[in-house]
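Handing you a structure now.
We just call them A, B, C and D in the order they show up, numbering each chain from 1.
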Amino acid sequence: MGELCGVVGIGQTKYAAKRGDLSIAGVVREAAIRALEDAELEWKDIDAVVIGKAPDMFEGVMMPELYLADALGAVGKPMLRVHTAGSVGGSTSIVAASLIQAGIHDRVLTVAFEKQSDSNAMWALSSKQPFSPHINAGAGGYFAPLIRTYIRRSQAPDHIGMLVAFKDRLNALKNPYAHLHIEDISMQKIEDSFMLWAPIRYLESCPSSDGACAMVLAREALAKDAPRPPAWVLGTAMRTEPTMFAGREEVNPQAGKDCAADVYRQAGIENPRRDIDVAEVYVPFSWFEPMWMENLGFAEDGEGWKMTDEGETALDGDMPINPSGGVLSSNPIGASGMIRFAEAALQVRGMAGEHQIDGARVALGHAYGGGSQYFSMWIVSSEQP
Amino acid sequence: MREVAIVSFAQAPNVRDAGAKNEVELLMPVAHAALERAGLTLQEIGFTCSGSSDYLAGAPFSFVMAIDALGAWPPISESHVEMDGAWALYEAWVKIQHGAADSALVYGFGKSSSGEIRDVLSLQLDPYYVAPLWPDSISLAALQARALLESSRYSEKDLAEVAVRSRRNARSNPNAQLAGDVDPAALLAEPYLVSPLRKHDCPPISDGVAAVVLAAGDLARRICQRPAWIRGIDHRIEPHSLGVRDLTRSPSTELAAEKAGVQQGPIDLAELHAPFTHQELILRDALGLRDDVELNPSGGALAANPVMVAGLTRIGEAASRISAGSAQRAVAHATSGPCLQQNLVCVLEGE
Amino acid sequence: MEDPIQDITTPIRLDYQYTAGSATAKFLRGLKQGRLLGQRCPKCAKVIVPARGACARCGVATEEEVEVADRGTVTTFCVVHIPVPGSEIKPPFVCATIQLDGADIGCFHLVSEVSPDEVRAGMRVQAVWKPREEWDHTFENIRYFKPTGEPDAELEDTRGTGHA
Amino acid sequence: MANPAEDVLSASYALEFSYTRSVGPVIGRFLTGLRDHRIEGVVGSDGKVIVPPTEYDPFTGAELESFVEVGQAGVVTSWAWMAEPRAHQPLDRPFAWALIRLDGADTALLHAVDAGDESRMSTGMRVKVRWREQTSGHIQDIACFEPEAG
């Protein structure tokens, strides 16, 4: 079905609380140039640009792709802007891939970014829409109760969340692009960190980052000739369900299960735990690792936390999750999903550097957003199908 | 390329202020009407894609609640562009080309009445050099209009005649806001709003929703008596800074038209997303439309301009006329950004 | 010569007129009268509170008005230790999902008059309203929920699998 | 705040925030120039001088870094008469929005012209910068432009 799509170039900025050295265009540009360099291509080689980010209010620029057209060499080309809440970085990658898979373009540049420091990430807090029927306690106030439900149902021990945070923060030390490099990280340090929304501690939460991620995607013939090994896209999937309805399962959402089943089917994956070598999974609060392990079918319901507890999700475990340090270590919101997709591709290209998983052949990139209701995933492989 | 057609189109009446109805309440009947006309349920649809803007709504993640209108259970394969619904249609078309879906529901929604749309659109501008000065959307269009008028290709009377035709055509469009018979001389006697533009040169402020259903090949033929086949669709963008562009031309429209194959056959009618009278003239030239082409039979964006919807509506209006048999080959156009920065061109044909 | 410019400040202010949807308006008008109004889905028969004008699962309009109790069951919660900007509530406080008696969906509100350590899923709670003269079109007419002292309700989902 | 005439609950609210934007080297250099009453452009891929300087070439996407100082007066290439200025705009009395090609530049800059009356505006007319009394490195350091002749 369709053309085969390969990832031939990947670029990331250094993620930081504030990239005070760059404009918004400068941020997207840094990632885009690195992706072009990786692919050994120039602007003129790119046929179309697909850009994604989270709400425009972070930067106070409406539809910033209009202003960014010049910086991304998009003038005279098609340019699309995707926004699917937190999953947007993943969805953006998928839209870009579909332009190749549909046979419309030869090479597509896709970029996702956020420059949250422009608003000190405070946008949502500065104005409150009238007539909101609910009491709002921030993002953590929404997700922490879901975590509590997970803990209650699975009877997971309290330290699991801290264990995830410890592992991801250790991994981040091996990733030069990661925002948070906490050299003296320890379980004790995490336990001692400030409680935000119990059971979520400060060091179990994602930071707010500036940064961008970019990829160059190419059709089969061009990807085969790329200077560095491509990551072949074996499957892509997106699923959405409504935020609130009677009886909605919010901890282990159906949309996530359906999305995983769809992407596995496309990629010929029968047993994800066995067939996938490494996964980059969107974990903004530590406890979401075990929750997603179950949602993704890596563990039985109620058993996800055991993977973390037994070290299976660590760099040297049999199912490494987030070798890059994950969203817990770098979180330019609109780009966070694309970083997952790109890191999965880096792994199968053998280009992940110090956090490379030896022999990684098949990898999953995962993103979610909204009230755990938007999902996007892709499977990439070192081997051309 | 797979054959893909528009098999159904629905829209809400465009109004100055939809009042008590929020986006979900506006969208629900329209989305369901589009599905019903196609004889499909949401669960039979392969892909759903929408277009809208948070800044229009004045709240982040404004598209998330819109999902509530659809009945997205079991979960659906779905995406969203922060653009006019016309680009959502493009994304859906790509998905069908890929073979990942055989049908798609596409919708756009926007309540321009919530904020001061002239100021809201200022935030589309360069955030360092231009947005801090708050030039409003009508002023920018006026700069473009003067450049066109002084190029000697068109006069203020030509602009007024675009408005006259728009309102005349809109008389037969029950969803239009501005319709009627007006005299160009009377329009020209009105004062300037932002010179050289008068009120009639500018779009009304509109709340609106539109939805279309796309289907591929035999499915389209089965569910629609006369599908409007998408024979070509393309979109292009220009540099952002107004000061580096030739505002009297639309090179991105020219390029998109060439890629979409506009000139590969005779065009019966065109639905152009020109919120301002002079922009219709620029677009007509860019598309190379002959004088015998029926222009904006719906009245176009001058008769109703729901931001984030009006481009998709143009495609839907053109498709409806093909499905009704009153046109054989049509071009539909959508625009985005200040002074026609980004343009999409779609060529539609009957069997 | 001063240092080169690295940052600029650009204030942005946009004025909006926000209109509550008609279903939300009905819910808020009910609150102003001290009533909690939901709507029953004509398709799945579930009662949705706050009324939203739509059953998101079925994608149909909801019209039938159903008044629900101002007491219910905590289904889950968290303890917020940081201040919520723009809010007068002092941390730590309990933010809970509460399924009101007669409703089939939870709403978010605060739980107080109990130590955060003692709050648990299944706990029965009832609304503590502000004085009537302070009531307006807002859920904040209910100051918070407090425990009723009834025995805990049994929650349906302890198997850990989706019941949706 | 409720409107009793209809079944509508509506209220006004403001989406308000002061964004702090890091500007990067190119925009930073231009703004630094403004602070010091100097206007600089950048040389584009085709050798044309772009003012205000874009970080990347509008047509080729190339990185631009060759700066040149341009004049503080120039020619109006198009304009629009703002009879009723809106909140936040540079002037609170009727003025013209104009695209202005400064001497030595090949592209136009968008700003306000304080011409007093529409009859004093024309395409091709010459205008010059009026600096704000206190400059701080912001596009608003240019208070507006004014007709060069008198």
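The rule is simple: a residue touches a chain if its C-beta (ideal position, glycine included) is under 8 Å from a C-beta of that chain, and two chains touch if they have at least 3 such contacts.
The shown structure was predicted, so the numbers you read here are calculated from the model rather than taken from an experiment.
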> What's the chain with its C-alpha centre farthest out from subunit D?
Replying inline: C
> Which chain pair shares more contacting C-beta pairs: A-D, or A-B?
Replying inline: A-B
> At what distance in angstrom does the C-alpha mean of subunit D lie from that of subunit A?
Replying inline: 38
>> What's the distance between the Cα centroids of subunit A and subunit B, rounded to whole Å?
In response: 33
>> On a C-alpha centroid basis, what's the spacing between subunit B and subunit D, in Å?
In response: 30
> What positions in subunit D touch 2 or more of the other chains?
Replying inline: 1, 7-9, 11, 13-17, 19-23, 27, 31, 54, 58-59, 88, 138
> What are the residue numbers in subunit A that touch two or more other chains?
Replying inline: 20-21, 23-24, 57, 59-60, 70, 74-76, 122-123, 126, 128-131, 242-245, 253-254
> Where in subunit C do residues touch two or more other chains at once?
Replying inline: 6-8, 10, 12, 14-20, 22, 24-25, 28, 52, 55-57, 137
> Which part of subunit B faces subunit A closely enough to touch in the complex?
Replying inline: 1, 48, 53-55, 58-61, 63-65, 67-68, 70, 72-83, 87, 90-91, 94-95, 97-100, 120-121, 123-128, 131, 234-241, 251-252, 255, 336-338, 341-342
> Within the complex, which stretch of subunit C touches subunit D?
Replying inline: 1-2, 4-20, 22, 24-26, 28-29, 137
> If you look only at subunit D, which of its residues touch subunit A in the complex?
Replying inline: 1, 9, 11, 13-17, 19-27, 54-62
> If you look only at subunit B, which of its residues touch subunit D in the complex?
Replying inline: 19-20, 58, 118-119, 127-130, 132-136, 139-140, 142-147, 150, 192-197, 239-244, 247
>> Can you tell me which positions in subunit A touch subunit C when the two form their complex?
In response: 20-21, 60, 122, 125-126, 128-131, 133-138, 140-141, 144-149, 152-154, 194-200, 242-249, 252-254, 301-302
